[in-house]
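One structure below.
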Amino acid sequence: MSAALAIAIWIGWGMLAISFALGLARLVVGPHLPDRIVALDMLALTAICAALLFALVSGSSSYVDVALVMALISFLSTVAFARYVEWVAFRRARQADPPPLDHADD
Amino acid sequence: MNSLILRAATRVLAPMMLMLSLFLLWRGHNLPGGGFIGGLVATSAIALQGIAFGPEVARRTLVLPPAVLAGVGLVVAVIATLPAGLVELPFFTGLWLKLDLGDGAILPLSTPLLFDIGVFLVVIGGVCAILLALEEDPETDQAGEP
Amino acid sequence: MSGWYAAAPLIVAMTTAAATTLAHAMPRTQRALSLAGAFALLAASIALMDAVWRGGMIVVQSSNWDAPFGITLAVDTFGAVMTLIAAITGAACLIFAIPEIEERHRRAWFHPLSHVLLLGVCGAFITGDLFNLYVWFEVMLIASFGLMTIGGTKAQTDGAVKYVALNLVATLLFLLAVGLIYGMTGTLNYADLSRTIPNVGNTGVLTASAMLLMAAFGMKAAVFPLFFWLPAAYHTPLVSVSAVFAGLLTKVGVYALMRAFTLLFTHDVGWTHEILLWVSGLTMITGVLGAAAQSEMRRILSWHIISQIGYMVMGLALYTPLAIVGSVFYLVHHIIVKANLFLIAGVAARLTGSMELKKIGGLYQSAPLLGVLFFIPAFSLAGFPPLSGFWAKLILVRAALEGREWWIAAAALVTGLLTIYSMTKIWGEAFWKPHPEGGEAAAPLAAAPAAMLAPIVTLAAMTIVIGLFAQPFWIVAERAAAEMLDPTVYAAAVLGGLP
Amino acid sequence: MEVPLALLIGLLTGVATWLMLSRNLIRLLLGFAVLGNAVNLLIFTAGRLTRDVPPLVPLDAEAIEGAFANPLPQALVLTAIVIGFGLLAFALVLAWQAYVRLGTIRTDEMREAEPPGEVKP
Amino acid sequence: MPGLSGEGHAADEGLEGRFRSGRAVLTVVLAPFVAAGAAPLLVRLLGHRASFVLALVPAASFLWLVARTDEATPGILESTPWVPGLDVALDFSLDGLSLIFSLLISGIGTLIVVYAGGYLKGHPMLGRFFLFLMMFMGAMQGVVLADNVVSLFVFWELTSLASYLLVGFESSKPAARRAALQALLITGTGGLALLAGLLMLANAGGSWRISDLTGAGSWIQDDPLYLPILILVVLGCFTKSAQWPFHSWLPGAMQAPTPVSAYLHSATMVKAGVYLLARLDPALGGSPEWLWILTGIGGLTMLMGVVFALLETDLKLVLAWTTVSALGTLVFLLGPTHEPGAKAAMAFLLVHALYKGALFMAAGNVDHEAGTRDLTKLGGLMRVMPVTFATAALACVSMAGLPLGLGWVAKELIGAAKIALEDEFGITVIAATLTNLMLFCVAAIVAIVPFTGKPTEPAEHAHEAPWSMLAGPVVLSSLGLVFGMAPNLVADSLIAAATTAVMGRKATLDIVLFKAVDWKFLLTLATFAAGAVLFAFWRRSAARWRAALNPTLDRGPDRGYDHAMAGLAALATWQTRIWQPGLLHRYMAASFAVVTLAVAASLARGDVRFNLSFDGGRLIEWAVFAVTAAAGLVAAFATTRLLAVTALGMLGLGVAMIFMLFGAPDLAITQFMVETLVVVILALVLIRLPGFRLSSRSDRPRWLYGSISVGTGAIVTLLLLGVLAEPFDPRLSEWFGATAVPDAFGHNIVNVILVDFRALDTLGEIIVVFAAALSALAAIGIGARARR
Amino acid sequence: MIEVVTQLVLIVLVLAGSGFALIAAIGIWRLPDALMRMHASSKSGTLGGGLLFFAVAIGVGEFDVVVRALAGVAFLLFTTPIASHLIARATYLLGVPRDPSQVRDDLEGRYDLNARVCQAPADVVAGASSPVRGADSPSTGTGGGAA
Amino acid sequence: MKRPASMFAINLMLMLAWCGAFGSFAPWTLLTGFLAGFGVLYLTRRVWDGPEPQYFRKTIAFVSFFGFYANALLQSSILIARQVLSPRITAQPGVIAVPLQAERDVEIAALAILITLTPGTLSLDVSEDRSTLYVHAMFLDDPDAVLHDIKENFERGLLEFLR
């Protein structure tokens, strides 16, 4: 691996690190259920990117498998969350006095 | 989930995931994968079907009731521990049958592989049993009703 | 090939668990398979005991990889005895369960879960590997979770929540300790550990890890002050389930404590075993006082499990040959007696309508034979001569006196007295006292199915046999203790010539 | 990186403890999940860390050249992860059932097995 | 211990030479147990007549024992192995001391069995009664014949057990149940003390055989443990023999059917303590402690018993209190460890057994026929129950110590013993004399009040008891008369032989029925006179005495028992509330706190090094660690549920990445998959549950729980740093690396470990998954039913 | 020469891939409402991941890795939009307030939360008899205009 | 012999022949064999009766659509990047209803997926009668342009490939 590529990867990591931070920030700040789910979804994507950078660094193709499985599976948790939010929405539709939206699932 | 888009996608995705799971199971002895990972991927496929089409469809994919499937997997795993007794080796010793397919291609059949298949089935059956039981609960339809 | 003796109980239990699962839609077949499996397990453990007794320790390198690289199954006398007792208890409780469980219980996977539970218990007794022990603990635990919930009363659900939550903590403590110990020694094999542990330089961390392991096992064994889960839950499930729990589960914790603190961690006996001694004394006292505060049969009995665990730990803590013999003897005696008491409580409740002492009575009139059957394990539990519990207590008290540990001997004796108090409370209220609803309120013993009485009679007979003919049991316990106190023999048997 | 990882594991353990001390059953179970992760990391770390080189023997080789990650803790942790998953899944189902049966997920309101004030002298 | 040979009589005789290989004594002990087992069946077949069959067992023993009176002086030793590993054998010794007890047990036992057949005729639980009674008989024989501390203790406890069952025989009566329990707990407490004492004694003496321990002289008194041993043994004996302050159970035990009171609670069981004190006298006796304790407590009990007897109105209770007094007398006499005392004790033992047995049975007849035992309601029974009256009167002659009764002889011997004590123990002499005086009065009460005067209402429908209920009292009271007139029938063969055993040296007994008329004789007469005066006072003002004294004297120890029970319950409740409040969060907090503290304390127990080395690390590593840590913190302090769950998801992702960073792709995949499935399950579960708002955080003791959490985290970090400071032994991983491909044919070493090297772990693990599924289904069954 | 080109391509792919991932993150952070944030994650994130898959395919160069990398790209392209669609729908259903900059909402009032179905716009429903509709048939939202 | 499956089978046979000629079944050989076979078949497409076989049309449609689509994804990402990195967010979002020509589930789903990945649009839901796709658009300054873009570029290209 050339030094230039190494630097590029280092920069790439830096960008991913910032992505993690931003994603986590959105996760915490919310303010609503979907915001957090979107943040988590994005974080999973960032993790896939990290795995791929890893595959490049280590030269081990096994990390591609990690990324591959994540790419295929990670949406499942998002789907599950989405269904959860839908349920919450349906529930709120039936509630006479639903809780405030930022505590929609409480 | 009542989404046309999800359902259409699931028709493609679930088989893809099941294929991937078999692939991971098969090559797990040499590369990342194996019975667990394969089983978990297959479970994800079933879970996706359950979410998209409801538990009945997922159940039909499994052919057997999930708990029974896990039982079958357990039987397979236990069987894998036994052949060593026939050749006077200790419990669970791995036995290998390397079928020569000609041309240097070798199909390695072994009790560890059989065991891994058992693991695969148990993981699918076990986790799906819980998932589908949760999906199937009559409350699901009224979910959100406190 | 003798190694297959060690594997046989595991294979049998696994096969039965799988077979009863497959036969779930066929109630009669499932029941037959379950019973056949229980007896096959009994046969396998008898064969194992016989092989160990005649040929010495059985060591199997599972999958044929040498220790310490693979997982070793290593069965010495202690392990074989415990396996045998587990199989006996399992068979007894499963027979009892046949008339007890209803179709809805059966459909809730009672049979497969029971066999998984037995599998976990036997696995824990048979394995020679610390991480593998963790796995068998989990097998046992998860099955116990399910069994705990079968039946579905409110109290059961509440009890199950506490049982599950606290046992999850214990599980992780165990795992934590395994990780730390592995990190220091690089190995997981008992025998290899017993050789490498003395070489660990960071002794403070080693002792602390041992303490973590002690806490994990202690929690499983329900010692003071980690026993909370037991009184919260043991009075709630089906009778046959609570009986097998009462007999076996905490004893697996005791077994593990005894393995760990005879074979592995003997580098700082002055600290670890001294702590165990205090723990044992406080366990006895708090347990027996807890029982004194209860008025429901199974709750009384549950608290007594705790106090009795104190005795077993006491033997380990004293760490003399005689004391270890006492612990082994106590384990064997207690499993039989305590399982039987739970079964009897179940029958008593069936005849009188409740486990709550205030609401029942009249059994002395209506079911005198049940009185005899209760009296035997109850007074054995209290250490009354010449029943099995007497010998167990005698050995321990003698060991304590010989070791000049006066206060623990006193605690043991006082606990014995308070145990009498509790047992006579049950006797006085359930048997002697007339039923509060009048003379005919308690049904005669004939009202209880024979399948419930058969295991009770068998276990009571064993209690008497151990009491009257204690010598053979003494010999077995003595050999088990001698093996335990000489780790080098264990290590040599497992590792052979490996340095 | 063992030392920072040890600190992380300690932090997660503390966090998990805090969660497990909660009276809300869901928090408690989340705590169990966090603690499980911490313990798994601990086992992984206790087997010492090696960067980047997974314990995969190249398909054309008999053994790995040079240092490679310790495979044993990986196998142990894998087992522990799956076991922890099984336990957690059950516990979550139980929590739901507890709510169905007892009408609460607060453990201090679950007073069926040991009712308050039942023990009287 | 000091050598077993040397001083003491046993050594002189040559211990080993006297061993008998036979099983005769064993048979004497075990035969009643066999009879006990057969009793329910016999009763079912023969009804109350089964008593005659059962009585054959003690009768045969009695005859065999009578024939052994000559051999008993040197003693017979028998041994049957039982638990050799523990040095426990069924060792038996038949010497003078055991013989006198054994004769009483079998002799009175025969009469009692016959009596009980009449007394409980038609009782629905007669079979059970005989079961318990015969069991007791065997156990009591075992106590007095055993020569092994453990087998002695076995039989000792069995007598307590039999007593418990017999006292509670009329179990529908709450008083009977209370009395049974009280007796069991008090004697049980003593029994456990005794066990400890005997074990310590045996331990110090290096033998479990009593004849070894007593045959070696008083060596034990030099042992530093002598006093604890003494106290423990004495505690056992005193509780069993109802010495103050443990006596309260004995009056309570009168709840038992009268045959039981006559047999267990006057003639035999309550004497077990006396027996054991006498038995151990050669080893333990002779010290000032022994003297003070026995004489003091014995004397106090003696006096107290008779005072209370005067205050009772229930005939059986009167007798019970005099039994307490008699037991006190016996202990009192054993205190000085001199020959006159021992002789007097042995003689009084015999006398008391005869007259008290007779009186109880007579009282039982009165109760049975007249329907009451209340002295204030009884009177004039003489005419309807002449035989009963005669036996009672005769027994009372012995009791009062009047001439012609054996009591006179005993009194003489007691007098001799007192004189030997006189110099040091003036007060005790006074106490003994007072006791005599009052005992005389009690004897008068028992013999006169129920039988003389105008027939009261109960007397009007009373009849004489059947012969089976008369045989016992007649025989016993007659024997008292016979032995009283011809004391030499028993002087050598029984009393002297027993004294020999107690003193450890040959004792002889010359009984002269009437010595010179000296001041002692006059004192005796004066005592009688005073007793008569007391009786006169009693007749007039007993009711007033009772009213005046009962509130102040009333059974302190009996109340003490109640207080103790209440205290026990309160203590138990208090501690159980502390340990087991039923609150999961407290259980959790306690568990974490205890474990953390224990581990922290252990860390300080040895060398501790920590690995603090630090290699800088890569940017991505820091990022991943930071994200993981942040996710953990967010999960902990999240105020909404979904935030906590998504944070948990992020945490899982972070952990997966850590696995990835350090060469574990399999782990990363598994972790990620599991995390995903957890989320799927969580989403399914959470929707059915209420959210976090229902659990406000303010109800958590934040500082305490926060400290526990911080402590737990810190200790884990420290432990791990300590572990990392230890050089790692890479044997296993190197071996796995080298073996995976050539021998296990797999390139993914982790997978090879999972399915081959450590396949058993994996097998267990899939069983966990399997069982988790079944368990979850089982748990869901709960809810399905709940809704129906 | 090929080496250098490969390296250059790799560098570009790595930087671009990571860069798009970062942009997705920034988008998530900066964009004002949940629905808009989803645009960022679904497009930029997918592209970033895809580019990195390509980078690995080129960087490792083994056939099976290339195949897996392409499969990975396909998976990403396939799954991310579905996930986005589902969260977006859930977001809409939940009624999370949208940014004031929203100019139009054709969906407003078309959801029946109790029946859990979504209707076509009123005009389409009115003319529902015609199965084939022209591609240019105008769709005028009923609930147009800023929210 | 116009059905794609048959043509694909012939292509596979050509690939195998290629591999046999090289004496290798290595992955790269298989790939080049397939591509070479496709090329040869394309060149000889006139041999087959009737109009141009669907096999080529579809394959080429797919490839060109993929190219178009990859470009769209890039464009959309750049659009997002510009918006996200600009100091002020100027987007004018909104939900528009897109009448659907596509009828089969697969077509609708594919269209929804594609729309999500292309500039400024995100599929929200399909009406119950499948007549309308609701799309969230980020830049709704000119709704008709957006609508036109979707209908003309994506739906048509997709249907061409799928039908």
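Per-chain numbering from 1; labels A, B, C, D, E, F and G assigned in written order.
As a convention for this text, a contact is a pair of C-beta atoms (placed from the backbone, for glycine too) under 8 Å apart; a residue touches a chain by one contact, two chains touch by 3 or more.
Not measured: the values here are computed from a predicted model.
Under the contact definition stated at the top, the chains bordering both subunit B and subunit C are D, E.
Fewest steps needed to get from subunit D to subunit F, stepping only to touching chains, is 2. The interface with the greater number of C-beta contacts, when A-F is set against C-E, is C-E. Greatest Cα centroid separation from subunit C: this falls to G. With centres defined by CA atoms alone, the chain at the far end from subunit E is G.
Separation between the centroids of subunit C and subunit F, computed from CA atoms only, is 58 Å. The mean-CA centres of subunit B and subunit D are about 24 angstrom from one another, to the nearest whole unit.
Subunit B and subunit G, compared by their mean Cα positions, are separated by 33 Å. Touching of two or more other chains is recorded for residues 20, 28, 42, 45-48, 52-54, 56, 59, 72, 76, 78-79, 82-83, 86-87, 89-90, 93-95, 97, 101, 107, 110-111, 113-114, 119 of subunit D. Chain contacts: subunit A has residues 13, 16, 20, 23, 33, 37, 39, 53-54, 58, 60, 62, 65-66, 68-69, 72-74, 76, 79-83, 86-88, 90, 92, 94 touching two or more partner chains. Along subunit B, residues 1, 3, 5-6, 9, 13, 16, 30-33, 36-37, 41, 44, 47, 51, 67, 70-71, 74, 78, 81, 92, 94, 123, 126-127, 130, 133-134, 143-144, 146 each make contact with two or more other chains. This structure has the following touching chain pairs: A-B, A-D, A-E, A-F, B-C, B-D, B-E, B-F, B-G, C-D, C-E, D-E, F-G.
Residues 1, 3-4, 6-7, 11, 14-15, 17-19, 21-22, 24, 60-64, 73, 109, 112 of subunit C touch subunit B in their complex. Residue ranges on subunit G touching subunit F, taken from their complex, read 26-28, 31, 73-74, 76-77, 80-81, 83-85, 89, 91-101, 112-114, 116-120, 122-129, 131-132, 134, 136, 138, 140-141, 143-144, 147-148, 151-152, 155-156.
The touching residues of subunit B, when paired with subunit A in their complex, are 1, 6, 13, 16-17, 20, 24, 31-33, 37, 41, 44, 47-48, 51, 143-146.
For subunit A in complex with subunit B, the touching residues are 62, 65-66, 68-69, 72-73, 76, 79-80, 82-83, 86-88, 90-92, 94.
On the side of subunit G, the complex with subunit B involves touching residues 105-106, 108-110, 112-113, 123, 125-126, 130.
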